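Shared chain: chain A. Partners: chain B in the first complex, chain C in the second.
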Partner chain A sequence: MDIYVQLLVNSLQIGAVYVLFSLGLTLIFGVMRIVNFAHGEFFSLAALLIAVAVPWLVDFGAPLPLAYGLAFVGGLCGVMILGRILYEFAFRRFQRDMIGSFVLSVGLALLMQGLFIEIFTGASRKLPTLIDGTVRILGGALTTQRLVLCVIALLVAVAMYWAIASTRLGKALRAVSEDHEAAMLQGIPYRRIAMTGFLLGTLLAAVAGALLAPVVVIGPVIGSAYLIKGFIAVVIGGLGSIPGAIIGSILIAVIESVGGYYFDPSLATIAMFVIVMVVLLVRPAGIMGNG
Partner chain B sequence: MMRNFRNALLVAIGALAFGAAPGANAQETLKLGISAPMSGAAAVWGLGMEWISKQAAQSINDAGGVKVGGKTYKFEVVAYDNKYNAAEGTKVAQTLLNRDDCRYIIGGIGTAPVQAMQSLSERKGAIMFTTAWGMSIKGPKFPLTFTQINTPYEVIPPLYSYIKKHNPSIKTVAILNPNDATGKETEAVSRKIWESIGVKVLSSDWYERGTTEFQSIAAKMVGQKPDVIDLGVAPPGDSGVIFKEYKVLGWNGVKVVPAGTSAESMMKIGGDAVEGVYMGLSADFDGAQATPVQRKLNVGMKAAVGEPINVIQIGGYDAVMALKAAMEAANSVEPKAIAAVLPNIVFDTSYGKTAFGGKDSYGSAQHMLVPAIVSQVKGGKLVELERLIPEELTKRLAAAKK
Partner chain C sequence: MVSRSQAVVAAAGVCALAGSFFSKGDFASSLIIWVAVNVLMTASFRFVLLIGELNFAMAGFVGIGAYAAGMATTMYKLPFALSLLLGAAAAGLISLVVGFVTLRAKGPYFLLISFAFTEVLRLIYTRMDVIGGNSGMIGIFPPAYLARFYPTLVVFITIVFLFVLYRLERSAFGKILVAIRNNDELVQTVGIDVHMTKVWCLGIASFVTGVCGALLAHANNVISPGDFSFLVAVYTLAYLKVGGESHILGAVLGAIVLTLLAQYALGFGAYEHIFYGAAIVIGVLVLPDGLYGLLQRMLPGLRRPASPGN
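On to the complex of A and B.
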């Protein structure tokens, strides 16, 4: 095992999940100027729905890949429905209200965690391996499933970046995040764009949860662990910035991987929080943020 | 007519009052509390303990309840999720002891949340049975705290000795534990025992409970090329994931989990990466050495929770049985009277007759004397290798027969 290559491979596989998670967080902030602490619960719900659906479908006689495919679609749909409901009855009323949305989202997160524990129980679930095997890349080892996850995360990040830069919807999202009043004056339907942005962010969290479901142990509060790291990534990268979210996610993955190897996982976590404090003091907008 | 109505009303009120007053044959319900993780990697311990404790309470209630001082008492089990941390453990302690007025804690899992509970239970005079793996948990300073399963001092010496005897070439070990009170207390014992049997400790690392990505810590440990990896008190959910990471990196040495309980959970998560793992808190409750009670409970547990029983869960059943026996022996439901009697009685548990002992190790007889069991995952199944009855128990049972 070449240790430097292994550390790089570890960073990439950890960072892939953080990228997917933080893209959704930063998009929602950019468009609606709300900090959504319930984002982790979208992630959890997707993973939980898949964890329940796959064994059920397999028991019904579906081949494993088909069961995963159907469960994946079902998981995303379930989360999108939840996201739509929460937007309509909660978040829509707290747009551009940082404090109100913070309190609301924390409350919703606690409510949903309690509901998930009641509905899905607290027991951990592990899905059967979808793609067996281990691959070696330049001496660094990772499972084939994790490699697929990394590739998909990369594709999603590239697609998001292209969509934001080149499509009409992307331009509208950027316009709204820069100056929502000017955007409205230009005829951009702010409410529809805000809802679209929120649902896109929710979808990204759901995709992250669905992709991670086959490779981790799934519990009802799994999203909380990723939420903290996701927030660290977007604060470092810049709230509202897509490239910033990607850079921030990779950075904290490298700190986690290298710090955990040379020192201690706990020290690596402390280092991340120290970096957040430094960023907030020196450049509050983040590495790629605009203020 | 008004006078008849008034008289009828007075009779009805009198009948209600009479019925509500405690009488010689009235039953009271005693709440038995559980503070255990019911979510996260260790959820199987808490969920299973809740189920099995309810079975014990139900069997006692169905047999007529606990008869003390001319009254009959029924048991009711209430369980709360302590999330295996001190903050939640404190909330659970307040809920059980203050809000629910519970005076009997028949299951406390996790040293940190149990310490939070203990700081309140000892002051309030509530008795507590716990699976917590810390020497500091019991002793003369905590007269109302009793352990209901074996702890590192009973588990680790026979486990490590067995491993060394059957793997004589092992010379080095890397240890990993959760970064909390349970991990700290166990690591100190592990390190001492490994070194006493000639196995050098290359490193001792920590991780936070709730960690989902173990790649970096696995790379660090595997990089040292240890002969043995000891996962300490890592719960089944974490152990399975961690062993999988070791396999990805190509390591295949001797694997040990002293607090290894749910072999089935670990196998579901780790697959063939957990083949050969030695475990200190697992038992085959379907096998030849299991008692009929344990076999029956095992069938029920698999149906209810989806997994066989483990040693931590069965501690809940045994604690309920110990509590009943002590109440009847003391002829009192007062926790202090029960605690005074417990070290002196022999009582029935799922293992058969047992007693509380451990005065030489802990300063007072607060440790339930149950067999120390060494097991291993072999061919995808849990195989019990050795079951050691404590010498102190053998002597107590012999003395009780005389």
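On to the complex of A and C.
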């Protein structure tokens, strides 16, 4: 019994980060019809900036929580600035051009990855633990730090879900992703909404990267693994669908933790691929996709 | 009707053959083989783009061709021509099955599945001990009597397949492919089986890709799972974007120019990433029609109705 609870707890904590990551992917696809291959690099950049800033601030004499707080804010700001620049000079021109924008994002991802390796070197970084201790939930063990991470990630995801479902901006985002021309006819400023959607998606990737920074070993290519799984999650759920991204992420997390426990991680990845194939055979546009 | 531009292309082909025959030194011959194989890979990648799909599974099929040919040569000691054919046939046949399943999805879905396919295939190689697992396969040599002419042979095969792909694109079949890209539902209403046409398109392209893999395996003598990651497809995309996708010569041009340029930028992982990444970004933002488009503008004689324009 204990082992099932433990696996469930593990799935939840992996899934929380995947949900944030794939929500961003699906949001960007929804409003701009862009399959953003560079999404993982925003994730990497947030984690890397924090990994550099925290030891630097601690050297300056800042207490650890303050250092984390400042680094967190700084990391998110850095990513948002990059996102804004890339939107302005690159992505904006390729809205609704699926192949063109994808090719562009592949190039950007490769370029950024190379630059990260150059700037941050290939070294792996591990940050000091922010919160010590472990908690037990129904017999499953979890470090307090990871529990806090999960809770924050879930709160952000719920807030985002609520915002998209109920606020004025959320309604505009959904209208644009359903039919951008009809949305424009209703007086929704498409360009501004598209940019907001893109930046929100970028912010979600950055938050996911920032949350993981204290708990994992950070290297310059950390985003790639999340990118692949995030894509599998949104494809299973249906590109552009918010509930689909959440369902897909949880499914991927369960496969990863259960498959990783009973078999091994590479078999779990193969299993994800098989599931994608099966889902697409039955529903060629994902579980929640329409078309 | 042999136009001037066709004559120029034919002359360039003959020069490439002669050049590869008289080239001396290991580095020169490896370079020739890389360029030729990259040209052919880019052309086959472009062939699937005719139906509007970005085929990232291409990297996986290069791997299948390489491993199948490698096994045929090292384990079963088959003649070179037969292992070449086996590599190509394995890639082609597997792609027909994979395509039959995955080509129901299109656009972003197909793209991401083909990407996942490549990565999963790579994971499977690392787990198969028969083909060397993580460390790969060694000792894949072309037969001794061919060793001297190997670069010439590779260039020759490349030219033959380029011609085949070009003729196919110009044929009725090729016109259907472009029609599917423009409006697949319309093609369906005329009574053409869109799904099977796409499957055959992928099959043909993958057969050619398999040839590339087999040639590459015999040129490098060593293959390992890491050689066939999705980056192969990304680099191919860079060749195509820089060269220009409106004409098959764009693929040829891009692959030659970038492969040669990369020799300067080469060295360590990060520089390679930056080089290809920057090439794609610049290609997309600054040269939307690629080098071929630039040439067309400078040499009006080349201008002709670009076939698969958007």
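Heads up, the rule we're going with is that the second predicted complex is superposed on the first by the 290 of 291 C-alpha atoms of A that agree within 3 Å, B and C clash if a C-alpha of one lies under 4 Å from a C-alpha of the other, contacts with A are read in each partner's own complex, and residues count from 1 in each chain.
Following the convention adopted for this analysis, a residue touches a chain if its C-beta (ideal position, glycine included) is under 8 Å from a C-beta of that chain, and two chains touch if they have at least 3 such contacts.
All figures in this text were calculated on a predicted structure; none of them were measured in a lab.
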item	value
Chain B versus chain C as contact partner of A:261, first or second or both or neither	first
Contacts of A:7 with chain B and chain C, given as first, second, both or neither	first
Partner chain in contact with A:126 - chain B first, chain C second, else both or neither	first
Chain B versus chain C as contact partner of A:139, first or second or both or neither	neither
Partner chain(s) touched by A:225 [first = chain B, second = chain C, both, neither]	first
Chain B versus chain C as contact partner of A:189, first or second or both or neither	neither
A:63 touches, of chain B and chain C: first, second, both or neither?	neither
Partner chain in contact with A:216 - chain B first, chain C second, else both or neither	first
Common interface positions of chain A, toward chain B and toward chain C	117, 122, 266, 269
Chain A residues within the chain B interface of the complex	1, 3, 6-7, 10, 13-14, 17, 117, 121-124, 126, 129, 134, 141-143, 216-217, 219-222, 224-226, 256-262, 264-266, 268-269
Residue ranges of chain C in contact with chain A within the complex	49, 52, 54, 101-102, 104-109, 111-113, 115-117, 119-120, 123-124, 126-127, 234, 237-238, 241, 269-281, 283-285
Complex contact set, residues of chain B against chain A	37-41, 43-44, 46-47, 81, 179, 205-208, 210-213, 215-217, 219-220, 222-223, 237-238, 240-241, 247-250, 265, 268-269, 271, 305-306
Partner chain C, residues of chain A touching it in the complex	29, 35, 89-90, 93-94, 98-100, 102-104, 106-115, 117-118, 122, 228, 231-232, 235, 239, 266, 269-270, 272-273, 276-277, 280-281, 284-286
